[in-house]
């Protein structure tokens, strides 16, 4: 079917939109089961109250807040990475950016939803809008997340316009839908100029917003006076962790779609090697921050801080803490130092490990502090119930479903960018490369000379 | 692709401009909301400085976003009508 | 397809409307005696607090004791069934099982006596034109929300004679305004 | 404007928990039931904590009744997203149940764990409850209010009678019940009041003073000495 | 503007419908609990009442709204608690509204344990028929009345009923009868009314295991005194020493906790006495002038007797004492020095734990310290507790049937043989009923007691109950005992009934509390006191004549007339008025407050109590009503009892055996406690110590969730019962905190949660006697009887612990 079009070269990219196989329905059915679990769990929670969770006094936050931080962290996959790659004009970005951006948008919905799930009175959530107060970091979150969400949607949408136009022209179905979203794209010079300029602005704008989002998420904890929360490096620490988990999520998504949609031709081992290297750097950076954070706490040695510290190191939370160290540092380092062979398998292992590890990291930040209060209370051990597991499973499934549905409407790899890469990219890179080098173009030299 | 103004085409344009309007409404709503929060904080003497401080960052960001959106809408849609 | 969308949309709207209406609709209240406020207030020139005595003495206005009704109605000839019922209750010594119409949420502290005796707010301000009723109201004449309380509290100024005396309530309320602190009313 | 505060003399306190139960009865604090209690969901606005001997874990050194400390700079009110908890002009840290959305941020932020959550709907209105205090629905945070409904009533009475609130006219249920009279409640801004006088005692200290929360519940340590202060 | 924005945002979130529906559901859920016909705030009435959750006797103010109770607070005028309360008082609200309360009388329906509701008239006629029948058959004495923890006119009423009906078997099932003077006080001082403890004025308190601040005579009264000891304007901080194998909340509050080998308190007391005498710190003047038997002496026949001094110096050297008690010599010396130098000092042994088989001599040893430091009859020491000047009731009319019945021996044998000194012996009741010795029991009344749950011999009692053909219970609940009954005539709870209270053991003042019903009765229940009067009336004859009051409040009124006519004491009044009265009364003036008895009665009902605040100026002689008119280290009273018993039963008679045998010679009459030889740990290496929680001192009240939720302050446990184990002991057994363990004794085993608690001797484990849900320590306690109190020994059982 795709072969009869001139654009048959990128048939693999159109295939998921044009054809829907039994596999898709199977996956959707499975996802629905998980979502149903989550839905039933939420209904029960709504009827009975948060009592159906494992939360109690003093551990008033548990899985939901962990999930919130985790999902918002994952969202950094996308927009931030794609923006940096775009700005740095890394040519290997072309098949990567779209997938990254989609993750961001989808996961932000899920992440923000966690807070609603966590509320004791979801029926009163409008109170945040009617009576909100900016002294609360929760409102900072609301603001920065909505900014990030808006920006991410725009940033996902803008580079998609030419692709939508292609779909509009190519597909027979959903004509109105694509026509509307294509915004009358014809690929005229003016349109290209406008779009490129807008994308460039967005790429710059989205980076500080993304950084702010996770800093603000960390502020939820660090603005309190609680031991091991009240820390100045929490902002950057969370951002680093977010990018770390974001890259891992991106890699996992890429590998899944590569396999499922047969995109081996677009996503080559080299992409994964680059991303793997990025992951390695982030792992080291994450380790540095973790080390700095815990060393500072340990060296200071205030009793309250140490209570939490030891609860993590040797106390009831040791499996989580050391599990986190293993999955976030040891395994990634082992997998990623040499990527010469079995690149994809290694990168996948490392990424999955990091996803688990970063979730554990969020958990190990949220729960031990709460279960070791300053005053002599009974220390509570928190263990989630089926409701919380259900919400976790449901959230992941919902995210996967959103993503999957997206791929059924829009190409998961930017078609025009690939084409652009083929058509103008090569030449452009060569020219650009020359300007980097000492024996650059005459004009450049002249300019340099003038300045001297 | 036909250049005639067919019925779905007109509808598409209406929806497109509607989308732009929605964006304006949405970001306008957020900006109004922020100002509402400042006013509430002021009335309750509840740390209006925090609200103002955050609004100083948040409002321009949202306005910039709106600017980009409108710029794209105007730029792309405007091109076709020429 | 479009029809379906339309149907779904309509159902949604209907559902919404139903939900909101269901929330607003309050059960109507039937009283044991068809008490005419109009006769008592407009014809007999009684004040509200002549019968609703506790409004001046207590936080809750309560209901007038049957003995109070009987005090007059024992002497007056029972002209109709309703008046006979009053007599019957009075003679049996039982309280008339009046049912509540106005009620505030349990989390609100509201003192009738402060509003009636100190602030001298007219009963009708909150209760509506009760004096025009021939029959007991089936539901509150006015629906009050928190904004009504706050609106009044924000605008309210103490009468001069009280402020110049410099008595306590004014100082508590910090100036000429009454308190708009949430904890003044929430409990 | 009054500044309500409390002094708790740890030398007098016998850890009998009369304050705890008095508070529960006064404020319609629900008993959560055996299953919930085992899960650690007991609601106890006033709670008698036991401090252990340093170096001898398990050996209780002293009892420490802990209500909400009504900090002058409360960490909990800063984080409330909806103004359900704030410090009112008289220094009482409020909890407006009708406004609370149940995000439990204030619970996470309170260094004294003085806030409690209604994990379920633990009770309905029933005889035996105090009609001056509302019964909390599920999903909201609640805590010690310094029995502020007593202030509402006392003030209402005073206002109607056209006079100032008399000292001692408003005290909390725990202070009223304490058999050892270890809890003294009153106006800290009135230098002549018992509570202000005791707050100036050399034995006075505040919980986690170093956090800068400026609690208005002041403790008096145990120790030798003469007289009450 | 607001509406637009809101609507817009709702649409945006796609939450509009959801929110509306959600709101709808929640609003409905919240309204469901509201009774739509209820008026928010009906008229408020405050009624004084008396707390009946423990024998403390605190005055309450009950806030009622249209007969519904809305709160409990302390009665500020009441002299016992002065407006303060303990945690239990608030449980009263939940007791009243307990959903498990019986709604009306029940009669057995077929086999035991099955019931059908009956009308009161029918139920009462069933009882009357049975009682008349038994009396007609000359079996009046086979009716037994088991009474629990109460006092005052309800006790008077039952006593009168038993006497008029003709049964000697009015048996009280209480392990701590507080109305009687302690045996040691009776034997050493000859007193017949209880002693008062002037805790508030003492400067040093030494308590041998008494849970002063938890479940002693009255926790509120004691806490107030303790607070005064600690901090008062006019004197330095007093000292408080607690001797206890367990670091109880009282011990935590003490300046010194002395962990002791259980049951060796008497030896420690004698060791302290040794140190006092050796260092010459005892009150020589008091000892010389007011005591007998301190120095060696010769009797009328010229035979030499060893004095207390020699005994102590010879037998209770500090090293011996230290070895036996586990208390370091240094500690003994320090306590003795404090005791000898800080005045006034008060030593408390009464109502401590059961000290073991030699309980009487232990208590005598402890009490002798009070004499050594001269704390008898002084401010801050032991005082005589006066009697209330209640109007005497006319003598009971006893017809022939009654006289015949009363001529019979008591079923429990109290007052005879080995139980000569016990007023009731419930411990042997089960065995006697089972063996029909000396006669079978044909009817059993259970009032305010639940022995099938709260007594060590509960299993035997259950079997004994099976033998009794007719059991009437007055319990408001279907508890372990009442479910065995043939008829349940539920009593009101204490907030619904007329009642009085006459508290003993105060700081020298006398007090009569009166309560009228605060709440309108919730169910078809009746005040048992009224029911007794109704029964008497129905039985007719001399019984009706002896109990001729219509209602219980008539009896109370008749008794209170005595107070009005006593020309002393006052109906409680605000502090200012009261202090003026005190001053006047000390100078011998007394101003009547009321014109008539009716005024007096009304005021009593409104204020809640009458009291005589003036501590009677009692001379030390008045405190010593022994034959020697002195405090007797050598109890001539005990000697006389033993001599009589020997005359009656011979040298090996049961009473002498119960005391420890004649061969101990003079040691029998001196406070001499044998130093136990070291025991091999054997099969059961641990000692079981049972204790009373502040929140649950007397059992019952299973549905007071507030108290069950936070029953103890020293261990965090909720609802369930637990066993306290020292962490070291637990480590040896491999037991972790909150793990299930089996506690096993020779009698049985129970499964409890282990709580590791460092505040204990490692060789002792502790189980609260009453508490939350779960098996009871009564299943472990050996059925050893304390012959002087007729109750089981609760602290002498040995146990072992295994992981469950």
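Order of writing sets the labels: A, B, C, D and E. Residues in every chain begin at 1.
Assume a contact is a pair of C-beta atoms (placed from the backbone, for glycine too) under 8 Å apart; a residue touches a chain by one contact, two chains touch by 3 or more.
This structure is a prediction, so every number in the text was calculated from the model and none was measured.
K.L.:
What is the set of chains touching both chain C and chain E?
P.N.:
Chains in contact with chain C as well as chain E: D.
K.L.:
Point out which chain occupies the most central position, where each centre is the mean of Cα atoms.
P.N.:
So the chain nearest the centre of the shown protein is D.
K.L.:
Relative to chain E, which chain has the most distant C-alpha mean position?
P.N.:
So the chain farthest away from chain E turns out to be B.
K.L.:
Once every inter-chain C-beta contact is counted, which two chains account for the most?
P.N.:
Ranked by contacting C-beta pairs, first place goes to D-E.
K.L.:
What's the distance between the Cα centroids of chain A and chain C, rounded to whole Å?
P.N.:
The mean C-alpha positions of chain A and chain C differ by 56 Å.
K.L.:
Nearest whole angstrom, what separates the Cα centre of chain A from the Cα centre of chain D?
P.N.:
44
K.L.:
Hey, how far is the Cα centre of chain B from the one of chain E, in Å?
P.N.:
The computed centroid separation for chain B versus chain E comes out at 77 Å.
K.L.:
Roughly how far is chain C from chain D, going centre to centre by Cα mean, in whole Å?
P.N.:
The computed centroid separation for chain C versus chain D comes out at 34 Å.
K.L.:
At least two other chains touched by the same residue of chain C: list those residues.
P.N.:
Counting only residues that touch two or more other chains, chain C contributes 59, 106.
K.L.:
Would you mind listing the residues of chain E that make contact with two or more other chains?
P.N.:
In chain E, residues 2, 5, 9, 23, 26, 34, 40-41 touch at least two other chains, as defined above.
K.L.:
Can you tell me which residues of chain A touch two or more of the remaining chains?
P.N.:
121, 125, 129, 131-133, 135, 139, 378
K.L.:
Show which residues of chain D lie in contact with chain B when the two form their complex.
P.N.:
That would be residues 83, 86 of chain D.
K.L.:
Quick check on the complex: what are the chain A residues that touch chain B?
P.N.:
Those residues of chain A that touch chain B are 129, 131-135, 139-140, 143-144, 146-147, 150-151, 154, 158, 161, 168-169, 175-176, 179-180, 183-186, 188, 190-191, 194-195, 197-198, 201-202, 205, 209.
K.L.:
Taking the touch rule as given, give the residues of chain E at its contact with chain D in the complex, in rising order.
P.N.:
Against chain D, chain E makes touches at 26, 29-30, 32-35, 40-41, 65, 68-74, 81, 83-91, 93-94, 96-97, 213-214, 219-220, 223-224, 226-227, 230-237, 247, 249-250, 252-253, 694-695, 705-710, 713-714, 718-720, 727, 756-759, 773.
K.L.:
If we count contacts the way the header does, which residues on chain D are in touch with chain A in the complex?
P.N.:
36, 39-43, 49-52, 64, 66, 75, 78-83, 99-105, 107-109, 111-113, 116-121, 137-141, 207-208, 211, 213
K.L.:
So in the complex, the part of chain D that touches chain E is made up of which residues?
P.N.:
So the residues of chain D in touch with chain E come to 9, 11-12, 14-18, 20-22, 24-26, 31-34, 37-38, 42, 44, 48, 50, 56-63, 121, 124-131, 135, 137, 173, 176-182, 224-228.
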